[in-house]
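We call the chains A, B and C, going by the order they appear; numbering starts again at 1 in every chain.
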């Protein structure tokens, strides 16, 4: 174990060094990233956060002016830090710590073993895994994660709490799980959809730990109530800090109703720019319903592998939420290696990786043509975000196929290695 | 779903595995052939002005008569300033503009490139449109020195005369800025950077007076001396920095006015005697592509284009019968057209290749050629990926081809593979049923090996990072030593593949498996294909030039035959980016040291990223290709 | 008596069909921007002609989406010309533009035609026609197959136009109408009309462009379209006096495709009397003004008339009194409001001074909230580890 710890320290130190040295060597780089639409969305942008902090410290409601759409509790946190334009180090350290904690959490998830063997299901390929350090390294050195960290997008914080919630659920820690999920949901709303699969995961781990099955209904109700109380407390604290409940409309309202159509890597903005106003509400409903419908479907169909469901849902968020950024994709892509045992069953990995690679190179190029060179137009960029989403959804679909296939292999061993076809 | 699985099954087909090299070669051949047919009438189009507002040549021009005397006077005044120091010159130009009741200002700049200081001063004046709202402006540029380092005597005098003349009109809907830049490429860059607040204040002085958003810029290059010179044709220069081009409408308007209204023939890309044959058209196109691919500034207008300000330079060539007043009237008419604009030029093309002044090829027609060449790398990468998943031993040991009854398969269209638990002896075999033909084949040809990806990926990334080293040195080295640096780079880069191959062979305890090399080449080519595809959308010409020059990288392989290795290495040595710089500048008649100096200027002043592409995309791919081949030597 | 009442409409019918009591003109240019100078010149030329022939400004609705006279690009500020000889300044000093700039929209046009306007719409912006009014509708701009663009932003389709005219007929808003349009593929614009008594003519057939006549090289733009130019030529040179007896047929016969460079079209079938009836209409029936007065009813005597006058006087007095009363009442009401106002209090009105009031208080509260969160987290972890 000491060797492992040493490795871990080394890697974490290297990751921290990358995050602290890059902005020191290229001082304009973080600001460049902060301005990129791929990294900073209206609901996570650091620039807007600074605007909010300014208004907050000047005794104006941070939500006046419609620029700031993030959670109120971020304001006291960042107003306690020194001004990032003069002393960027403090902010950078904060974000680096956040990333390291996230990596730690992802390592804990891998350590729990819930990715290959749950209470009800054990994969036939359970020995095919990567170590927790390797997976944490994957997260820390994922270029998308690094870019998110340097851009100081607040989705880094949401990612931390999502990963922590998963880790806590995978280790059967109820209280902290509820707190972490409450924070995640409080910061970016959609993680609340992770509650059902993670609750199943928590139930499984608790049942294995205590060797007795708690009553399902009491368990579910107790945790739901706990979550409600935690979120309620956070919201009340926010209302106390900002002095009114206005923030609800400015934060969650914006996430729900998409009033800010700044381009991003997702699918919504272009669609809602083109849409006639009269259909807006209807399609908002349809889009949200579509995004949310994965939760019950996957949770029921793959209830034996709740961690896989939760991870897949992060992928769904990276594609189908109104304001996705590469931070969401970074989270999903870093969680995929947890399911190393499914890789042999996946069929389009090269295609999907190539699509994502192409999209990440061509995306900025087309954005440049559109915005700066003036020789392209919005369709160029949107086409590339479609490719990006296509790449992610290929991984998503392929991994789901692999997970189902994996279950089938255990249920009906005689079918192992055979091609399947849906009839 | 069924379709997908049959496609998946198809990818194991032996013929398909042999296909990629031919497919790659086919892509390259078609890509180049595509380019060669572009000059034909069937694939190119006549130019046309698509912006309604421009109305080229629809106005009478009145720049004649007494203006001629004014011009002659200014020409002498300018001539008298030629040998004066910069400050005095600026003062004199300032006072001329002041006499014309224009707002005047100057701007100093001071760059240090390759240990050489480039310092001078721009003078500019703003004519405020009498009934305009000062939100938009046009720029008329007369660089003090033109691209050939001649003093632009008549050009500057013409700008001064036009300033005086324009001031008397009341119909300007935009402000007009008259810029006398100190030279043709650096001065305008400093000015336009400062105009958009993108300058470094230590090097470039901020502008004291400004106007609205720039809508267009026209530069005049007319280096005739104090006694004038009658010219034959107008040479229209339109390439911007980094290969960006102005909107085709601006070019077309200039041609329509010069040729249609004034009767001055227009030529492009230094093809001064264009007789519109296929060969001339092709030459014009290729010259245009090389100029675009290099991405250097080709005149005072070049610096404006990256800021999305459409700009061209009109320069006079030859001996003929057109005089300065015709040029002045051309500019007058052009400005009247630009004055009509209601919004930024956007109707026409931003991506085009010109074959002559009235024929062009649009992006939709020519882009496939670059894309095909970029795709060839991706195809090879895909093939190498598939290959890397195959075990190394031979595939020729097929046991039987007789049909024999086999266990029932659920589906007889797709290959049903089983883990072959019943085979006893090595090599492991399995039963493959295709239609009603059943074969037992070695398992090796259907299973996929695990691919360790980390090491190859890291090595490829490292090779790309190495490219930053020469990039740094070439841009910071003193200009006097650039030649020596180039020689060093040529030697070092030629040896580099051998060093890498040697290290890979001797350094590790266990030799690196062939699979790793295959994967390295796969990733490298994937990266090259990706980079070139993205580049093709930004700078088509650079992408296709690099694509063609690195095409052999798709085909080089590690072989056991030394003769073949030497042949491959010889080819690669010629196509080494460093060597390409050497022989291409020789072939194009340019001085290598000057090219390198300009490249450094480009990096520091113009924001040129051709070198980044060369060192970070092309060079690493070449090194990897070389290393793969050199590996066969050990 | 009954008999005569039943007979009256029959007797009146032929009379009504051939006579109208007022003339209106709706002149619309639909395009803005400097390079569309000619469209505004077209409309202004027509405006000038109908005014010369007697239609007063109050009965002309002029829609101009842009102001060429004051465009900074205009080399002759304050003027608009329709000919390169610049003999006649169309802008002159007596132009009454009723709809200008961004008021020229499809909606406003249709509202104008069908009179679906708000109560506060000034009279100058209303088409106050009745079933005895002849209307000249002239439109010019950029169009295509069955549509006409308005200001590059929207378009009116041939169906919209036909429906608007259909509604006008049902609302008895016109007696006869001459619809003229000068745009590309103009004839398609009147192909969908279905309401009676419309005589329509356009500059070009489907898939034909309408061309400009000539450009003024000093103004720098084309100044008039061909179709309008030759219409004007006829109207200006032949129809010299309001008493002109020239017929529409003669006007239509003057259209020469060789000169206009497109095939001008005429639609007679909706008109009462068909082609013949339409061709025999006088040009002045649409382009000039009539002063026909029709006396309504008979048998009224002078006393009756005086009594009515007295009744009106009384009504006016009554109205004045009521108005004065309401004035008094209003001032009282204002008093009350003023008293109430300070009670209501102003929330966030006026500019707030934004000073950095960092205030330890706020920082402490924020820090406390964050610490609270952290505390809850630690407590939770401790609770779990127990």
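Heads up, the rule we're going with is that contacts are C-beta pairs under 8 Å (C-beta built on N, C-alpha and C of every residue); 3 or more make two chains touch, one makes a residue touch a chain.
As the structure is a prediction and not an experimental result, all values here were calculated from the model.
Undergrad: Which of the two pairs, B-C or A-C, is linked by more C-beta contacts?
TA: Ranking B-C and A-C by C-beta contacts puts A-C first.
Undergrad: Taking each chain's centre as the mean of its Cα atoms, which chain lies farthest from subunit C?
TA: In terms of C-alpha centroids, the chain at the greatest distance from subunit C is A.
Undergrad: Approximately how many whole Å separate the CA-defined centres of subunit A and subunit B?
TA: Whole-Å distance between the two chain centres: 38.
Undergrad: When the C-alpha atoms of subunit B and subunit C are each averaged to a single point, how far apart are the two points in Å?
TA: Averaging C-alpha atoms per chain gives centres 53 Å apart.
Undergrad: Suppose each chain is reduced to the average of its Cα coordinates; what separation in Å results between subunit A and subunit C?
TA: Computed from C-alpha means, the inter-chain centre distance equals 56 Å.
Undergrad: Across the complex, what residues on subunit B touch subunit C?
TA: Result: residues 52-53, 55, 58-60, 129-132, 169-173, 336, 339-340, 342 of subunit B touch subunit C.
Undergrad: Inside the complex, what are the residues of subunit B that reach subunit A?
TA: Touching subunit A from subunit B are residues 1-2, 5, 8-9, 244, 306, 308, 344, 346, 350-351, 378, 382, 385, 410-411, 414-419, 448, 526, 530-531, 533-534, 537-538.
Undergrad: Hey, which residues of subunit C end up touching subunit B in the complex?
TA: Listed in rising order, the residues are 33-35, 70-75, 77, 215, 217-218, 220-222.
Undergrad: For subunit A, which residues are in contact with subunit B within the complex?
TA: Within the complex, subunit A contacts subunit B at residues 344, 347, 350, 354, 357-358, 361-362, 365-366, 368-369, 372-376, 380, 416-419, 421-422.
Undergrad: Hey, which residues of subunit A end up touching subunit C in the complex?
TA: The touching residues are 57-60, 73, 75-77, 79-80, 173-176, 178-179, 183, 233-234, 237, 240-241.
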